[in-house]
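Chain naming follows the written order as A, B, C, D, E and F, and within any one chain the residues start at number 1.
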Amino acid sequence: MGDTPVVPMNMLKSLDLIEAFYKPIAKAGVVPLSCGGDHLMTLPIMRAIARERPVGMVQFDAHTDTGDAGYGGERLHHGTPFRRAVEEGLLDPKRTIQIGIRGARASSDYSDFSHESGMRVIYIEEFFEIGVDKVIEEARRVIGDGPTYISFDVDGIDPAYTPGTGTPEIGGYTTHDAQRMLRGLRGANLVGADVVEVSPPFDPSGNTALVGATMMYEILCLLAEARTGK
Amino acid sequence: MGDTPVVPMNMLKSLDLIEAFYKPIAKAGVVPLSCGGDHLMTLPIMRAIARERPVGMVQFDAHTDTGDAGYGGERLHHGTPFRRAVEEGLLDPKRTIQIGIRGARASSDYSDFSHESGMRVIYIEEFFEIGVDKVIEEARRVIGDGPTYISFDVDGIDPAYTPGTGTPEIGGYTTHDAQRMLRGLRGANLVGADVVEVSPPFDPSGNTALVGATMMYEILCLLAEARTGK
Amino acid sequence: MGDTPVVPMNMLKSLDLIEAFYKPIAKAGVVPLSCGGDHLMTLPIMRAIARERPVGMVQFDAHTDTGDAGYGGERLHHGTPFRRAVEEGLLDPKRTIQIGIRGARASSDYSDFSHESGMRVIYIEEFFEIGVDKVIEEARRVIGDGPTYISFDVDGIDPAYTPGTGTPEIGGYTTHDAQRMLRGLRGANLVGADVVEVSPPFDPSGNTALVGATMMYEILCLLAEARTGK
Amino acid sequence: MGDTPVVPMNMLKSLDLIEAFYKPIAKAGVVPLSCGGDHLMTLPIMRAIARERPVGMVQFDAHTDTGDAGYGGERLHHGTPFRRAVEEGLLDPKRTIQIGIRGARASSDYSDFSHESGMRVIYIEEFFEIGVDKVIEEARRVIGDGPTYISFDVDGIDPAYTPGTGTPEIGGYTTHDAQRMLRGLRGANLVGADVVEVSPPFDPSGNTALVGATMMYEILCLLAEARTGK
Amino acid sequence: MGDTPVVPMNMLKSLDLIEAFYKPIAKAGVVPLSCGGDHLMTLPIMRAIARERPVGMVQFDAHTDTGDAGYGGERLHHGTPFRRAVEEGLLDPKRTIQIGIRGARASSDYSDFSHESGMRVIYIEEFFEIGVDKVIEEARRVIGDGPTYISFDVDGIDPAYTPGTGTPEIGGYTTHDAQRMLRGLRGANLVGADVVEVSPPFDPSGNTALVGATMMYEILCLLAEARTGK
Amino acid sequence: MGDTPVVPMNMLKSLDLIEAFYKPIAKAGVVPLSCGGDHLMTLPIMRAIARERPVGMVQFDAHTDTGDAGYGGERLHHGTPFRRAVEEGLLDPKRTIQIGIRGARASSDYSDFSHESGMRVIYIEEFFEIGVDKVIEEARRVIGDGPTYISFDVDGIDPAYTPGTGTPEIGGYTTHDAQRMLRGLRGANLVGADVVEVSPPFDPSGNTALVGATMMYEILCLLAEARTGK
């Protein structure tokens, strides 16, 4: 394989390659901010940075991504990363909050594991009912002071803002809501973050990529501040 | 005509064909959920299901669609279905509410009939002023317990969410607002519904079709629940 | 109807309105160059300019448009204008040539009338076999010196050049081929022309509209030259 | 130069041409409503209408546009019009309010001049915190009874509504918010207005142009009412 | 796995599933015409229909698809199906012709195997030099009377006609050229065919899908004729 | 100006900046291959590399770009670079050939200077009449052995291949034609080249950018070969 560029022809191997790439980064004490790509990519990143002690998570998403075997019996796909992460002891479900869950296409199978394992699930109905400030409060309560990962799936946002994604679900929050929630996490003990599921070919206006890049900028500000202690 | 497939080369005949198609459906006691297409299609559906007793209606729309002769003197087009339906005794204007009316291109001619016949018109300004909960309350008051039809024109929603429609008007409600209003109609005495004016070629992102399909899903839940008595 | 703007809500009436519009134009000795729009529009134009003596025609098209009743029994639609024109004595089939006919979706029913009435049909296979120069020669032989109409349906051109049209058929000629054929008609006795079936929403690049406009320019040069005798 | 059509091949000369065009308009007492185009165009318009006494301004925008030399040392570009206008005595910064300022790409250099000169800057965070009604109140307080210009940059609105613009910034207000703010300016002493930065090629859905046109319509209503005294 | 719908989350398993699907089809003596999708899908189809005796092939393509390990050392991806097929004894390279090979991105590694194994490679330069008739002649000479598979990758055609594909290469043949070549294969001993690499999201005009469907229609005519002996 | 990034806010200064950038490149004996952008950019490049002795040129283009003052009296815009280059002694018109000139929007003013100064103009009609091989022959005859610049405007190609450009003209040559012409220039004494007028926002399919990049690759091969003497 050597110096050949790697593209996802073999997903299982990709997972190994991603993990191998992040391990020295984690060892060096770097807090990685990644972008993608399929939400499954968060799993190998967690394998690289959370093996020693499980992390908490603030997940912005329309889907829980805690499903089990599916798509022909596969246990590893974009609907399962967080069940696998809990099973592997990488993710602490009690310190995990999922914000914006919804969707006509979702079955309860997908959220059962979230509930059973003790994750805090904020369905979009509750989001609109309690409002952004209360959601921030709840997120801070759930993650506490422990090491925490932010996983930002752009399909948590309404597809009017981010049509360029693979499994859009209507009726989400706005980009401004998302910015406020991210800013509400200032001072949290962050050990990594990602922005995922940006797929430019589905959005001829280019807006989805702009949203993804701006969310990364917001998160970068959080990470920089955490590092410099300001 | 026989077994030839029918496309709308002759609109007047199309109206007859649509009515003929829905009559046995109505007779069998089926509650139809339809999608389109030009808003005029609601007229022949009402002719099939409301001849015996007029229905009430919750209409989501940027336009009242109660205009009179226009477009060269035509009395039947996408701006007139509900005036015709009232005249033909199919629609009870006192039990009709129209939600989201607005538009720089609209003249007052279009809404005069709505007001004169006794329909409840919620202009977009009032919508934002009183909020979704009060709009639901008002809708339930207007329709009461009588047989009711839901007609959902996707241009009632803001065109940031549904650009793929023929006569977009900016400044509408969100898809989440629409979902909440539909859910607010649980338990109503529903005898039919439609989602109209979805036109995919105008929306290269594909989002409009997704919105239309999800609204149909929301309505389907209402209809199923009504049938099973849950 | 008065001064209301007219749009095609009632197709049969539209035909009358188009004919009425063109009659004084024809009477004034003006040679009209029109653009559309559905190919059926050529029929009322011919009714206005060819009632006294039938015209010949050079038709650029992927379809013969000489079908009979279809689309639910309708006799008037975009697949029938030239059968109707022959039946009404407006179009002389012996002086008519159709260039570029093809298509996986076409049945022989559509071309039967062309052949039986004596039109010269150049299928796309023959077009590529004999080449543009021979096609021009054949067109001039067919139309002779009599009054002739040019009807240019942009779907005669390959849809790589004109994707913005309602019934594209792959494997057509290039825009350059079309320009050469039009220029090959210099000196013909032209009494009218049109460019039809341009539908911009189907072509986000805007190229189809540019092709349509340029073809109108080419025809305008022919008409101007014919008038000034140069 | 005579009657040659003018396009922006030489920007400095364009500024002179725009100013020369608006001068007789201003002299005739006409209140101009313009559309563009690069925000720099507001400067020559102000040169034509505000030389005798400076105007106040309500500016809807994601950017202050009060930067200084940039882009290779240029003092005149789309990021500087309002600093130049203040320096030239055309714009009264004490009577200027800027609504919706934000953006990951903006440096504080751009807003320093706004603050130092005494403009009222409503960042998007404050906008969402105090709400539309308070923003209107504040705008009316700032402009008072003096002559006032409305400059509406469509990038003030969220790019989900107006993706067709050159420097989009996510997290803005809705079109409905904008409509309400404009209507909140009824009765103000308006001497001119513009809607700028609409760029259709960046928005395949066509929605941005519709938003721009509707905002012009809203402003036109304000201007007409002001004139007729109703 | 049972009756769960299968999507390509695990490519290796997909290959098995495809092969399993085609085996009973092949056993029943059916000649399959398939569409896709990644060119790798041809490999499992060949495994199902060519295990007993290798097939010849007419391949329309911009790329030879006879590369070896790549993309991180993978031996199975869209650039390798025909090397694998030769190695597995499914494809007879001496009876294989590849038409339209080109591309600035291609290295000679990809074509080396084609040459070494004895395939006939018609680079696009030769295609334009000798013309469609000679290419047909050469194809018929290569495949002879033995069992033959047609694999039609739409990127063989110029991307002006088929922009909706994953690895477009400019400077290809036209759709008409492709139609003529397919028709030139009448009477060949065909045992299967496919049209691959159609990817609608990359082509907002929809033309690529139309081209793909029409090529399938052309091939279907060949297969039907072969069966009925006409 | 210092280290500020430079964008075209002041076109005249941009010309100076471009020239200043290319001067040390030219001094170092580097043969530049540039991409753009407005065709005017070729002028400052020529100022940097051709001051000592005028160059010949092979220009692929739908327009001669030898117009004079226009667009409001400007002498420097995308329609004038080659008149200016001749006047400044940078371009030898007797060693210049322009290939593909056409367009309904062009006036003869634009080509007069080309003819009067002795350039060889191959209109698109002649191109199709004599064919690619003769055009290559003619180009080599015109440029001879002297230093030569290749300027490739993508609008020379038909807009079915390159819709993403500012002034498309239908009826051009194919990308394959262009590739053959470029390859026909092997061994010429090349001192610089550019590919201009690629504008991705006008082409949602992305094909125009691919065509531009591939043409640069073709030219790069010519330049590399010229350098290495192979």
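Here is the rule we use: a contact is a pair of C-beta atoms (placed from the backbone, for glycine too) under 8 Å apart; a residue touches a chain by one contact, two chains touch by 3 or more.
Because the structure is a prediction, the values reported are computed rather than measured.
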> Suppose you hop from subunit B to any chain it touches, then on again the same way; how many hops at least until you reach subunit D?
Replying inline: 1
>> Applying the touch definition from the top, give me the chains sitting in contact with each of subunit A and subunit E.
In response: none
> Out of A-E, C-E or D-F, which pair touches the same way B-D does, with over half the contact pairs the same?
Replying inline: C-E
>> From the centre of subunit E, which other chain's Cα mean sits the farthest off?
In response: D
> For subunit B, which other chain has the most distant CA centre?
Replying inline: F
>> Per the definition at the top, count C-beta pairs in contact and tell me whether D-F or E-F has more.
In response: D-F
> In angstrom, rounded to a whole number, how far apart do the mean CA points of subunit B and subunit C lie?
Replying inline: 39
> What is the distance, in whole Å, between the centres of subunit B and subunit F, each centre taken as the mean of its C-alpha atoms?
Replying inline: 57
>> Can you list every residue of subunit F that touches 2 or more other chains, as numbers and ranges?
In response: 158, 160, 202, 204-205
>> Touching pairs of chains, all of them, please.
In response: A-B, A-D, A-E, B-C, B-D, C-E, C-F, D-F, E-F
> What residues of subunit C sit close enough to touch subunit E in their complex?
Replying inline: 104, 124, 128, 158-160, 163-164, 168-172, 202-205
> Taking the complex as given, what residues does subunit F use to touch subunit E?
Replying inline: 158, 160-161, 174-176, 179-180, 204-207, 210-211, 213-214, 217-218
>> Quick check: in the complex, which residue numbers of subunit E touch subunit A?
In response: 1, 4-7, 9-14, 17, 70-74, 76-77, 201-202, 204
